[in-house]
Amino acid sequence: MANFKGHALPGSFFLIFGLWWSVKYPLKYACRKHKKICWFGSKVGFQRVEVIEGAVKAIFALIGILAEQFVPDGPHLKLYNHEEKQWDHLMNWQHATMYFFYGISGVVDIITHTTKAVPVAMDRMMLAIAVFVEGILYYNHVHGRQELDLHIHLLLLFAVFGGALCIFLEVFFRGNIILELFRCSLCILQGSWFWQIGFVLYPPGGGPEWNQNDHNNIMFITMCYCWHYAFALLIVGVNYGVVIW
Amino acid sequence: MANFKGHALPGSFFLIFGLWWSVKYPLKYACRKHKKICWFGSKVGFQRVEVIEGAVKAIFALIGILAEQFVPDGPHLKLYNHEEKQWDHLMNWQHATMYFFYGISGVVDIITHTTKAVPVAMDRMMLAIAVFVEGILYYNHVHGRQELDLHIHLLLLFAVFGGALCIFLEVFFRGNIILELFRCSLCILQGSWFWQIGFVLYPPGGGPEWNQNDHNNIMFITMCYCWHYAFALLIVGVNYGVVIW
Amino acid sequence: MANFKGHALPGSFFLIFGLWWSVKYPLKYACRKHKKICWFGSKVGFQRVEVIEGAVKAIFALIGILAEQFVPDGPHLKLYNHEEKQWDHLMNWQHATMYFFYGISGVVDIITHTTKAVPVAMDRMMLAIAVFVEGILYYNHVHGRQELDLHIHLLLLFAVFGGALCIFLEVFFRGNIILELFRCSLCILQGSWFWQIGFVLYPPGGGPEWNQNDHNNIMFITMCYCWHYAFALLIVGVNYGVVIW
Amino acid sequence: MANFKGHALPGSFFLIFGLWWSVKYPLKYACRKHKKICWFGSKVGFQRVEVIEGAVKAIFALIGILAEQFVPDGPHLKLYNHEEKQWDHLMNWQHATMYFFYGISGVVDIITHTTKAVPVAMDRMMLAIAVFVEGILYYNHVHGRQELDLHIHLLLLFAVFGGALCIFLEVFFRGNIILELFRCSLCILQGSWFWQIGFVLYPPGGGPEWNQNDHNNIMFITMCYCWHYAFALLIVGVNYGVVIW
């Protein structure tokens, strides 16, 4: 949805997952390090957590798809407008496609951690694919937009492709706390940046619009992106510290 | 061949290999995991399969080269038109070159698995090179085409270069089921996308042509590509499930 | 600061660190190789060195931020000019942001090597992030400049992204002397290139300005960059030789 | 030197090294595999070979630099033309810079294999840097040329950057026969492509010049590049076969 809510919704999803991961992975790391027999660190307990996580991911994806399809000005599952002979609501369909891949990732998570048929690294692989597909969609999403709009979306790609690479590496280096925390920080960055995009492109409360072609705005937005990331790093660091002590 | 059949032929080759791999690798994985003494899992049996696979690959490549060269409007091995003083049927020659590298890969497969002279990882390396060369050819293939034509070919490059990277990683991580399934899915994607290109650019049955410069068409095609991949993932997943149970 | 000093300051910081590293890592390598019980090679001694290094890094970053903010024509922490309704001194703010990430890296170094709570590879990860953020800022920094200015800044990106990649690899291959020396050489290159940028864009002593659009100047600058790197390699080589013998 | 000989000289250097490597590495591999006590496979014998190789590399580089500087229309070590107030013979200087880095690589080879002070992987690292610097120089070399000239040089970059990546991987996977043969094939490709560039851009014997902007020529050159690579693979394959049997 090309409005504020359409960016706030995925932003919230990413923020929730980023924050949750920034608690979960330090906890797991602490359990493993001190060889304490905590419920969370046990194999069964951890698997249950992973299954719940996958289920939540799938539900979020379903909410996202339904929201994109059935908002009042949405496509309602209609893809082609036969009267005007053109594609209908492609933006909503693209967003729904993005959610759909996260949904697949959630389902694969559940299958991976409930049965033993699938190698355990498959959950990371599928998540990496989902993130990469998001990147491809975004990259082609901004075709023909104005400069600031384009730039603000392309900045997101650093977080998206960085995240996809990080998760792909986790296929081979599973349980590496450094990669896991890096993933958390990129996930929080993505979440907060979705909110930022919403605030810049669709100012809520009817504020004045940003000048799309002002070079200063573009330079500010780049810097702002870095600040968001510094903030994400701070959150991950604080959560890590609190969990460890 | 710049027509529907010219895209359907390689598409079918890729689909056949993708589907075959999505059965072969889970089977191999299941055999190895359960330490069952199945014919397929034995060293001799497996080598025989690899040799046959290489032979089929080489034969497919040969069919492709012959088809490109000796169709009625093909070059018939003539490269330079001395009358018009220009290169002749370069498209067909480029396609034939692409097939030729897959042919080399097939021959290397046979040599690798019949003799012990060549390290076993050489089959993956040669396949990675063949896929990468395909990518280079495609990248320069689309020079000066219309926008939709360009975009639909460039999307293919994600599958091609992703596949080349994946196979190159297999040189080092041989037998990694995650990478093998990833390769299957990309191979099926490539196959089905060749068919899609054929349907879009040369609609069989004389359907109306697509508007090459409509921005909506480009956005739809991007999304369509993702759906093809979701479909490829589904096929790989179902085949994996059937084989394992 | 868009003047000579504003490039000489970070240049000096990078040179100091590059030179220090080109002494430190060979020393460490020699101690480890000969299993001599030298103070520097001991665990406690080495940790102390790392902590001091982190502190110096943080102090340099603080000096950089203060210099960018409080020079006479600096922003003095004012980001938005309400009178002219536009962003104020964005260049200084971008530079300060760059320093800020190096500051975070310094603080993480101190935490990593004084407590045992954080995995030791975190110092490399944070440094890689800081260098990568510098790269993103520089990449968007040069938007809309003249050709020579653009080219001279983009050349820096080879050193920046090369360095980020190298440090990221060190997360996995910690203590690899090859990577460490490579990092030294890129760090010295960055330092000397900052000085070079200062000399070219803001010739001190009021020399004549360079022709920004002369193609020959651009070709010369590219070659000059390679010479700087040859020089950096020479320094690293000589330091390595002196330390080892 | 922007003439036929200026491309034939480096082409010959690369061809000689590529052919030599395609004999050396299979020989080494065969010795190691059969645990035969052949002179070549022994540590001392092999080190001597590496030192000679480094010396030859350094001598080739020296010949290249001298040729670029002291040909009749060369710069004779003069970099700046004070009369015309512009840089002089930048092309020759760039080529000399390229040779210079290969010279450094040769010297590092000698040092690495005569003393024990330097870790053995340093020879690969330095070669990777030399190849990468060649890539950077070439990338900026073609600025402002005509389309075919540009394209034919950029194609070379696939071999150059592919080679740099391959050699960089050898730092970590030293002695991997797959990577070594891959490097051979790319080196031969580079050599034969230098000759091809010479034939296309400066036809010897005064043949007709190629039309620089004909799209067909560009497509043909791309395909021709792939054929060169197929040929390089064939040579490496045949040499490997002969050596092994």
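Letters A, B, C and D mark the chains in the order given here, with residues in each chain numbered from 1 onward.
Throughout what follows, a residue touches a chain if its C-beta (ideal position, glycine included) is under 8 Å from a C-beta of that chain, and two chains touch if they have at least 3 such contacts.
Every value quoted in this text rests on a predicted model; they were computed, and no experiment measured them.
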Least hop count linking chain B to chain D through chains in contact: 1
Greatest separation from chain A - chain, by CA centre: D
Interface numbering overlap (same over half, different under half) for chain A and chain C: different
Rotation angle (°) superposing Cα atoms of chain C on chain D, nearest 5: 90
Centroid distance [mean C-alpha coordinates] between chain C and chain A, Å: 31
Centroid distance [mean C-alpha coordinates] between chain C and chain B, Å: 44
Junction residues of chain B - those touching two or more other chains: none
Pairwise chain contacts, counting only pairs that touch as defined: A-B, A-C, B-D, C-D
Contact set on chain A toward chain C in their complex: 29, 151, 158, 173, 177-178, 181-182, 214-220, 222-223, 225-227, 229-230, 233, 240-241, 244-245
Contact footprint of chain B on chain A as seen in their complex: 86-87, 90, 93-94, 97, 100-101, 104, 117-119, 121-122, 125, 129, 133, 136-137, 140-141, 143-144, 171-172
